[in-house]
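In the two complexes that follow, subunit A is the common piece, with subunit B as its partner first and subunit C second.
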Partner chain A sequence: MAEIGLARSAAAGTPLVGPEARIQIATVLGVWGMWEALARSGLFYRDIVPSSLKVFAALYAHLAEAEFYHHLWTTTYEVLTGFTIGSLAGIGLGILFGVRRFLGRVMDGYILALAPAPKVVFLPILMVVFGIGVGSKIAMAAMSAFFPVVLSTVAGMLLINPTFIKVGRSFNAGPWQMVSKVYLPSLVLPVITGLRLGLGVAIIGTLIAEIKLSNAGLGFLAIQYYEMFRIPEMYAVIIVIFALAMGANALMTKVNDRLGRRGMPNASDISGAA
Partner chain B sequence: MAGTLEVRDLSKHYRRDDGGSVHALDRVSLSVEEGEFVSVIGPSGCGKSTLFSIIGGLVGDYEGEVRVDGRTIRGTHRDIGMVFQEESTFPWRTTLENVAFPLEIAGVSRAEREAMALRFIRLVGLEGFQDRYPAELSGGMKQRTAIARALAFSPKIMLMDEPFGALDEQTRMLLGDKILQIWRELKQTTLLITHNITEAVQLSDRVVVMSFRPGRIKEIIDIDLPRPRSSESISTERFGRYVGAIWQLLREEASLGMIESENV
Partner chain C sequence: MMTAMRLRSLGVLAVGLGSLAALAGLAEYSVTSGWVSKFVLSPPSEVWVAAVEIYHDEKPFGALLSTLGITLAAIFLAVGFGLPCGWALWRYQTFGRAYEGWLGALFASPKLLLYPLFLVLFGRNLGTLLIMGWVTATIPIMLKTREGLMTVSPVLLNVGRSFNLTERQMLWKIMLPSAIPVIFTGIRLSMIYTLIAIVALEFLLNFGGLGGMVGEMYDRYNIPGMYAAIVFVVLLSLVYFRIVQGIQTWLRSV
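And then the complex of A and B:
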């Protein structure tokens, strides 16, 4: 009985660590163990699978270095700037295509044709136009983020309750008031879904561009270490990239919970309102 | 204050997707005097909702005229407040924010519009619920929010399209009383679209009976029952005679509508 008492929180009687989390933790530990076993087995050429201790040492060394933060900041700046440009364009055009259905149907063809295409094919053009510095990375991030955002905004526009539009019109709302007070609040959920996907592909686009050709950023750093065959350092950078992506996702989840729940009552908020 | 509403020779054809056309309204003429309460009743498919949308300015491309205080209007109009059949309260706004919406659109300052909104929230009996979201309110409370919102626009004419259509009978009766009470207090000209005979007789000075498609005015009946009325008036014998007379007029039209809906 004592062990059960330890594993469960006393108050609610629910496990402190749920079964899902237990499996997740076990998986991480298992993979880590296998990694270490492989690293020490000598089956691979030295350092292709470096010991995790070396990776952590490299990570620690990086975090203490000012140069590293320059690369981290460059990538963050490129992702955020590109994502902002791409998603604002996506939301704006999405609303326009939703309101002007004829224009929307005309544009649908292009958007649907371009959306699934890997944006990396445009990279050479973006390099030529914006150079090999941050410009082409921002353009790449913007282009990547644009498509999921515009698609989910248009989809959201088609699903807006037509009565809400009639209400807005019946009170003589102007076009901008319709956008800010009727369309945007109605679009919160689909737009957040689009933004979530958009941020993910903006990160991918930025890193691909950095890996291909650049002089700064985490992607540049990772590929540079690869070319110098400094594999533990390369893994250290990859871990940072993972952390960045997870942080971005956590941020979007928070935004989603914050905005998406407005007007959606929690079970605890409902009292007998008959 | 004025607020006379006049509809002259209104006709409307809808184009169907298959290329055909539906004759929704056929030369409908009607006038509602200042402060009068008029109901339009008819079977499904008589074009009464089309009439609502045209007067409210949400549907264009019609023949004929809509006049407010003698002036022809096209499109939405400052003097007309609309209450919709479907749920129309914004789920992301509280009761207070919903009711204040038209004032916000009109650029009224926050403090002023909240004070005005509260007054109408009180009027429809939703005091204490001003900070609730629609998801926390019942269907009847949501419709009262929508009514308060239309009233906050200070319209001379209230236009309501089956505002209680989705509610149960008891709630509908009690809200009918509420509507009468508000109407006594504010005296706005009111045009109510309904398919409920009892509701039409209970509330109205006159009931306009419409025919099945194409919608025409079949007859206009003066309801000569003493006011103030309430849901209790329905137990009187005269009330019953009005209901019976309107049903006689509607019966044939309603069965035409039923035959068509069964054939489709």
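And then the complex of A and C:
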């Protein structure tokens, strides 16, 4: 089948690779060529700009080492645990602030004040309270994830069609039934959007905490290699961190898009219905 | 109707301030009664004393000026680079389509973690902070400039064409003024993310500014001072974000 497709496109005279893809390939090759030229130029002190071959050799060596997976697991555990705690707290409180509007209005001021503040300044408090081990990193991830999730959950709550809520109440639904049968099904898309943003900042928060003070994790590994001036290894760890962070973001975006395409109610649909 | 709304707002404000005061009272009592260690939580009365000491000894407004100066310089450079690049991505649409996904992915990526790379290249100095700020600030400006130019109303473009405007005149007289609200959304995002990145770097590198001030208090284990510095940074960032939001609202109304 594939061969038939190839033959057809060749016969029709259309290029197999579109113009955008050609630009992307040329850009990758251009950047790689410039990097290699700089690495071999001698303009920089030894290994500050290492050859890509050295970086990939370091990456390969890391992937074959058991210790690397210990650091990878530590970061993954911290991110996922913190993200889960922060997200559950964000969804729960978001629903509460949406249902109890007076409480919501009181808390709005504090949440809106703290949400955009640089979370890293709270790290010393977290280290004093939870110590410099895994606990403070989980707390940092939880705090980072909490704000985007609670903000999008409250926004979603305010846009739920009031008819759904009236129907739930007319059936004498209890608080848990209201949450599981009315609120959560209407909140899928806003919550997923909050989770996507929350996961991104949870990853950044965890890695920053590891860089500042820790003894395990990918952030710790990267900064340790920097301090030991093992630059190719440092680049290799940064590549892994970027690949994981961008992969997690792409996955959440895909979930978001798929739910949107399936017609899950989102904020604008709900507001339109109301 | 108006009075009822005003009364409700006053009620919200009173309960908000009251709960803050209650929280402060609880913190004071829990530490003075020995429930919570003084090395974990500082009583607000000690935080207040530390805040006065910081004001006299640490020159917090100097730290603020340092952080703001680097942030604004990075944004200035990012506007100078991001606007023409955004225009080019709009003008040469194949390039725009090719790079849009990459730029979006880069915007969402943890760029801050590239700082060891710039430390290696530039050393532990202002250059690293400036380049990291610039990297953070440039991408939203490029993306929003392209988006702003793409969403200019066709009616306005037709008016320009009916006056036989040249491409340059179309850009300066019609497209840029019409795209300014969207472009400023990009600048606003840059201002928020760049401040966060600069404070984080100052904290990580202990390199002066607001982030450095918090880090220094922690390193000295001055717990009341640490809490005072954190409150100071949060309040200042709140004022900064409100000003940025205010500028955007004003631009939309003009």
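Simple rule for what comes next: the second predicted complex is superposed on the first by the 233 of 274 C-alpha atoms of A that agree within 3 Å, B and C clash if a C-alpha of one lies under 4 Å from a C-alpha of the other, contacts with A are read in each partner's own complex, and residues count from 1 in each chain.
Going forward, a residue touches a chain if its C-beta (ideal position, glycine included) is under 8 Å from a C-beta of that chain, and two chains touch if they have at least 3 such contacts.
Worth saying up front: this structure is predicted, and the values here are computed from it rather than measured.
Asker: If you stack the two complexes on chain A, which partner ends up touching A:53: first (subunit B), second (subunit C), both, or neither?
Answerer: So A:53 meets neither subunit B nor subunit C here.
Asker: Using the superposition described at the top, determine whether subunit B or subunit C touches more residues of subunit A.
Answerer: Touched residues of subunit A are more numerous for C.
Asker: Once chain A of both complexes is superposed, is A:110 in touch with subunit B (first), subunit C (second), both, or neither?
Answerer: second
Asker: Output check: A:181 vs subunit B and subunit C. Expected answer is one of first, second, both, neither. What do you get?
Answerer: It touches subunit B, and subunit C stays clear.
Asker: Let me test your reading of the model: by the given contact rule, A:17 touches which partner, first (subunit B), second (subunit C), both or neither?
Answerer: neither
Asker: Which partner chains sit in contact with A:164 here, subunit B, subunit C, both or neither? Use first/second/both/neither.
Answerer: A:164 contacts subunit B only, not subunit C.
Asker: Quick check for you: in the superposed arrangement, does A:250 touch first (subunit B), second (subunit C), both or neither?
Answerer: It touches subunit C, and subunit B stays clear.
Asker: Under the stated touch criterion, which partner chain does A:228 make contact with: subunit B (first), subunit C (second), both, or neither?
Answerer: neither
Asker: Report for A:173: first if it touches subunit B alone, second if subunit C alone, otherwise both or neither.
Answerer: A:173 contacts subunit B only, not subunit C.
Asker: Residues of subunit A that sit at the subunit B interface in one complex and at the subunit C interface in the other, please.
Answerer: Subunit A residues touching both partners: none found.
Asker: Inside the complex, what are the residues of subunit C that reach subunit A?
Answerer: Interface residues on the subunit C side: 8, 11-12, 15-16, 19-20, 39-40, 94-95, 97-99, 102, 105, 108-110, 112-114, 116-117, 119-121, 192, 195-196, 199-200, 203-204, 210-211, 214-215, 217-218, 223, 226-227, 229-230, 233-234, 237-238, 241.
Asker: Considering the complex alone, what residue numbers of subunit B touch subunit A?
Answerer: Per the touch definition, subunit B meets subunit A at residues 56-58, 76, 78, 80-82, 84, 86-88, 90-93, 101-102, 104-106, 129, 132-138, 141, 149, 153.
Asker: Under the stated contact criterion, what part of subunit A meets subunit B in this complex?
Answerer: For this pair, the touching residues of subunit A are 161, 163-164, 166-173, 177, 181-182, 185-186, 188, 262-265, 269-270, 273-274.
Asker: Flag every residue of subunit A that touches subunit C in the complex, lowest number first.
Answerer: Contact set of subunit A toward subunit C: 19-21, 23-24, 27, 44, 48-49, 102, 105-106, 109-110, 113-114, 116-118, 120-125, 127-129, 200, 203-204, 207-208, 211-212, 219, 222-223, 226, 231, 234-235, 238, 241-242, 245-246, 249-250.
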